[in-house]
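Two complexes, one shared chain (subunit A), two partners (subunit B, subunit C).
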Partner chain A sequence: MSARAWRVAKVVAEIAVPAGILIAWQLWTASAHQARFPRLSTILVQFRKMWLFSQFNEHVVPSLERIGAGFGIAVVVGIALGVPLGLSPRARRAAMPHIEYWRAMPPPALLPISIILVHSIANRQKIAFIAFFCIFPVLLNTIDGIRGIDPTLVETARSYGVPWHERIRRIVLPAAFPQIVAGMRNSLALAVIMMVLSEYFSSTSGVGYVLLISKNTFQLVPMWAAIVLIGVLGYVLNLLFLLVERRVLAWHRGWRAALPD
Partner chain B sequence: MTSTVLRRAASVADALLPVLSVAAALGLWEVISRTGVIAARDLPAMSTCVRALWHLVETGAFWHELLLTVRGWALGLGVATVLAVPIGIVLGSSDLAGRAFRVPIEFLRPIPSAALIPLLFLTLGTNLKSEVFLTAFGAFWPLLVQTMYGVRDVDPVALDTARSFRLGPFERLYRVTLPSTIPYIATGMRISSTVSLILAFTAELFMGIPGLGQAVNIAQAFGLTDQLYALALATGFLGVAIHLVSTAAERRALRWHPSQRQVAS
Partner chain C sequence: MLEITHLGKTYGSGDRETRAVGDVNLTVTEGELVCVVGPSGCGKTTLLKCVGGLLRPTTGEVTLHGRRVSGPPEEMALVFQDYSRSLMPWTSVRNNVLLPLRHKKLPRADRSRLVEEAVDAVGLTRFIDHYPWQLSGGMQQRVAIARALAYQPSILLMDEPFASVDAQTRGDLEDLVLSVRGQYGVTILFVTHDIDESVYLADRIAVLTHAPTEVKELIAVDLPSPRDQIATKELAEFARLRAHVYRLIKRERPAPGDLEAEEALAAAHPES
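Presenting the complex of A and B:
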């Protein structure tokens, strides 16, 4: 096969296979006549009816708020804790047992406790829960990023008499930034999962709540529509983050490209 | 003389640092609860929780629940490995197949497995099948992606050399592709084993499948706060244990690999 035909075949496959999967799903669900697996077209109609945009304000906005607030807190706390821990080996030794323990903890195990501790089943508890577990990717990547900085850079700045806060702002944070951003991306994906989990437990609004209620009332079509929405939400948030990352880290890629190997 | 003594004292303090910091945190917990900064009803004292944990550990029921959770974890991880590695090798070695399934994979991968719980509730039911499906679904994606990356990263010169020695496709797979993909698979296994534990616990908590998750749910429903904290502590230790085992396994699988040859600094 010629190179050109091969290239065309790849493009065709990239479009045809996903389309084929969707068509197969539609045909199978249409012929199966199963209440538990409604037709794909039925799910999509329901999706439009619910999420574009009649229940958007009522349930999607609260979920997005929780993700946003939890993620934002996690990023700030993760970096604020990660900088001293990255710079000081002693602080790192002291903190590591705690970090290792809490990040190995399966998050749902703390869901009931978070309600007891925060005295709330409203946004406060949901955001606290999301934020707590989203700290770890940012924190660990900040520590690793700072440990990976060329010591000559920091030493040179020190010997030029640059004060410590300026060193952190101008050298440590920019040098660790690409890795911090990588951690933030993992945190954002985690935030979506934590949002769903927290809304399964004692909630009154949100996408996870809709999922739970539709299950409890055997409303299968809305349930499927909510599952599709959560998938779309995760995909779109990741995509947006990649777009922002590309802008923010443009200097980094340019710098890397200019370096000889 | 004094300086060496001082230095030695400093290095002993350094070595004890992790222990001291854990002790300090536990002490702080005790004080916070005893002085009522956080009411003992909401945060039982550390000693109370440890005692509750001790009582749990003495019962057979606790170990039974723990084993059920571990079973869900192991089965899910096993099913995911058996599926993800061969599929990953196929999708990684064929450019056409990789492109064909790129969009479906990119779309399915970020779906939080937790979103599937209501669906499993109504289809497979609240049983081991659901737990294994959920854990396997979550553990599948990191393994698949790692395997695909690994296969794409095989040294083309090694493959061409094998080809010029007239090694057939299966022998190439067995002697070249698989060995050089193993580091990636091992990393995928480590990531997936954490995911798998979380999902096994999640399935038990939300679907009422017997295991540690269900025990937490019951403690919560009956307001047994001491027991709730004790179970959470135990779950954390299980998480740490699984993390340590999978990290050790990864290191063992990679003994020969250059990434493990760094001198400890």
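Presenting the complex of A and C:
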């Protein structure tokens, strides 16, 4: 198959396969008459009624704010902790057991205590909860990225007397950046999960809240509409992230392609 | 200007102790180009890193303009063999050359002038806004040389800088070193394992013994300047010097038993 035909086939598959699944779902739900599985068309009508845009400000905006703030804090803290840990084997040895301990903790286990610790049931608790778990992918990837930096590069800068803060800014961070970005992408996906989870608990707004309330009141169509929205949110956030990454890391793809083997 | 006195470097301690540099004495005067040649694995790079202040010598000392070298001195620049790894792939040739100037107290205009002059001196003006990985190997090494020149060192240390380029490019780069040396009036300490290269470039050659290394012989090179890849290499004197250095190094070839020890040394200390 020619390269062009291959590309066309890939795009067709990307659109046709999900479209086929949706059509099959619609056909099956229309004939099955199952209360648990409302028709796709019913769900989409409900989706439009709720999210475009009557409840958008009330529930989607708060969720997005929580994702944004939690993710933002996680990125800043993850990099700020990751740089010294990546640079110093001694600090790493001291910190790794703690990092591994908290990373292995299932998030729901910390949900109740997060309220006590943060002293809040409002946004602050939700953002803190999201941020805490999103730190780990960024942190671990920052550490790994820095450990993998070619020592020749750092030594060159050192031989030119480049001061340490400039070395971090001009060499260490840019060199580790591709891997930091990979960690950020994982964190962003995690942020969506944590958002839903945090809104299950002592909440009055948000997509996760709507999902839980709809389920508790046996309103299955709104529940499905919320599920569809969460999926779309995750997909769109990832897509936006990839678009930014493509621009910021253009050099990385060119460089990798230019490597001899 | 550069004095190396009783320099020694030992890695590890106790049973695992390996002496890379034994007792090196060498003086480089202002404006001179001294080549250091020696059998492979003899500790050339270790020696150069000690001179550059990147490694702390175990014994002896290095002084530059009478001041003891304890860290990378400001008036010294280093060019490594691994050009592709010493350049930053995420930014342009211009920013790569600018890196060592950023923290110098210089007006902005002076900085960009120094960068542009250095890039021009190595003939890469057309490529100043390219990424390094868009250039060929020889051109990348030129970028590394331009970066060293822009820094305006009084002494330039070069560690087998042309070991990984093809023969043609290598000849061009050798001539480039000779021409910028005149242009910038810089003193050069040039480490190589290529005997022809050392004779072609040097005012003096320091031949090293194998590890723990010492200076076996200092040879003055009295070839006419400017040197020429064809005419200079045709001279009887060139052939004589080349043969002389060759014999010195050949006699240094370690006995078969030593080879393993050398390999182990190289594996244990990849930086040497």
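For this structure, a couple of remarks:
Assume the second predicted complex is superposed on the first by the 243 of 261 C-alpha atoms of A that agree within 3 Å, B and C clash if a C-alpha of one lies under 4 Å from a C-alpha of the other, contacts with A are read in each partner's own complex, and residues count from 1 in each chain.
Going forward, contacts are C-beta pairs under 8 Å (C-beta built on N, C-alpha and C of every residue); 3 or more make two chains touch, one makes a residue touch a chain.
The structure presented is a predicted model; accordingly, all values stated were derived computationally and were not measured.
After superposition on subunit A, the partners subunit B and subunit C are seen to fit next to each other with no clash. After overlaying the two complexes on the shared chain, residue contacts for A:Ala189 are found with subunit B alone; subunit C is out of touch.
Remark: in the superposition on chain A the angle formed at subunit A by the CA centres of subunit B and subunit C amounts to 90 degrees, rounded in steps of 10.
Contact with subunit B, but none with subunit C, is seen for A:Asn238 once the two complexes are overlaid on the shared chain. By the document's definition of touching, of the two partners only subunit B reaches A:His119; subunit C does not. Once the two complexes are laid over each other on the shared chain, residue contacts for A:Ala32 go to neither subunit B nor subunit C.
By the document's definition of touching, neither partner reaches A:Val61: not subunit B, not subunit C.
In the superposition on chain A, A:Thr156 makes contact with subunit C only, not with subunit B. With both complexes superposed, B is the one of subunit B and subunit C in contact with more subunit A residues.
Residue contacts after overlaying the shared chain place A:Ile171 against subunit C, while subunit B stays out of touching range. By the touch criterion defined above, A:Ala9 reaches subunit B but does not reach subunit C.
With chain A used as the common frame, the shortest Cα distance separating subunit B from subunit C works out to 9 Å. The touching residues of subunit B, counted against subunit A in their complex, run 14, 17-18, 20-22, 25, 38, 42-43, 95-97, 99-104, 106-108, 110-119, 121-123, 194, 197-198, 201-202, 205-206, 212-213, 216-217, 219-220, 225, 228-229, 231-232, 235-236, 239-240, 242-243.
Looking at the complex, you find that subunit A touches subunit B at residues 9-11, 13-14, 16-18, 21, 36, 90, 93-98, 100-102, 104-113, 116-117, 119, 189, 192-193, 196-197, 200, 211-212, 214-215, 218, 220, 223-224, 226-227, 230-231, 234-235, 238.
Subunit C contributes residues 52-54, 71-72, 74, 76-78, 80, 82, 85-86, 88-91, 99-100, 102-103, 131, 133-134, 151, 271 to its touches with subunit A in the complex.
Against subunit C, in their complex, subunit A makes its touches with residues 150-153, 155-163, 166, 170-171, 174-175, 177, 251-252, 254-255, 258-259.
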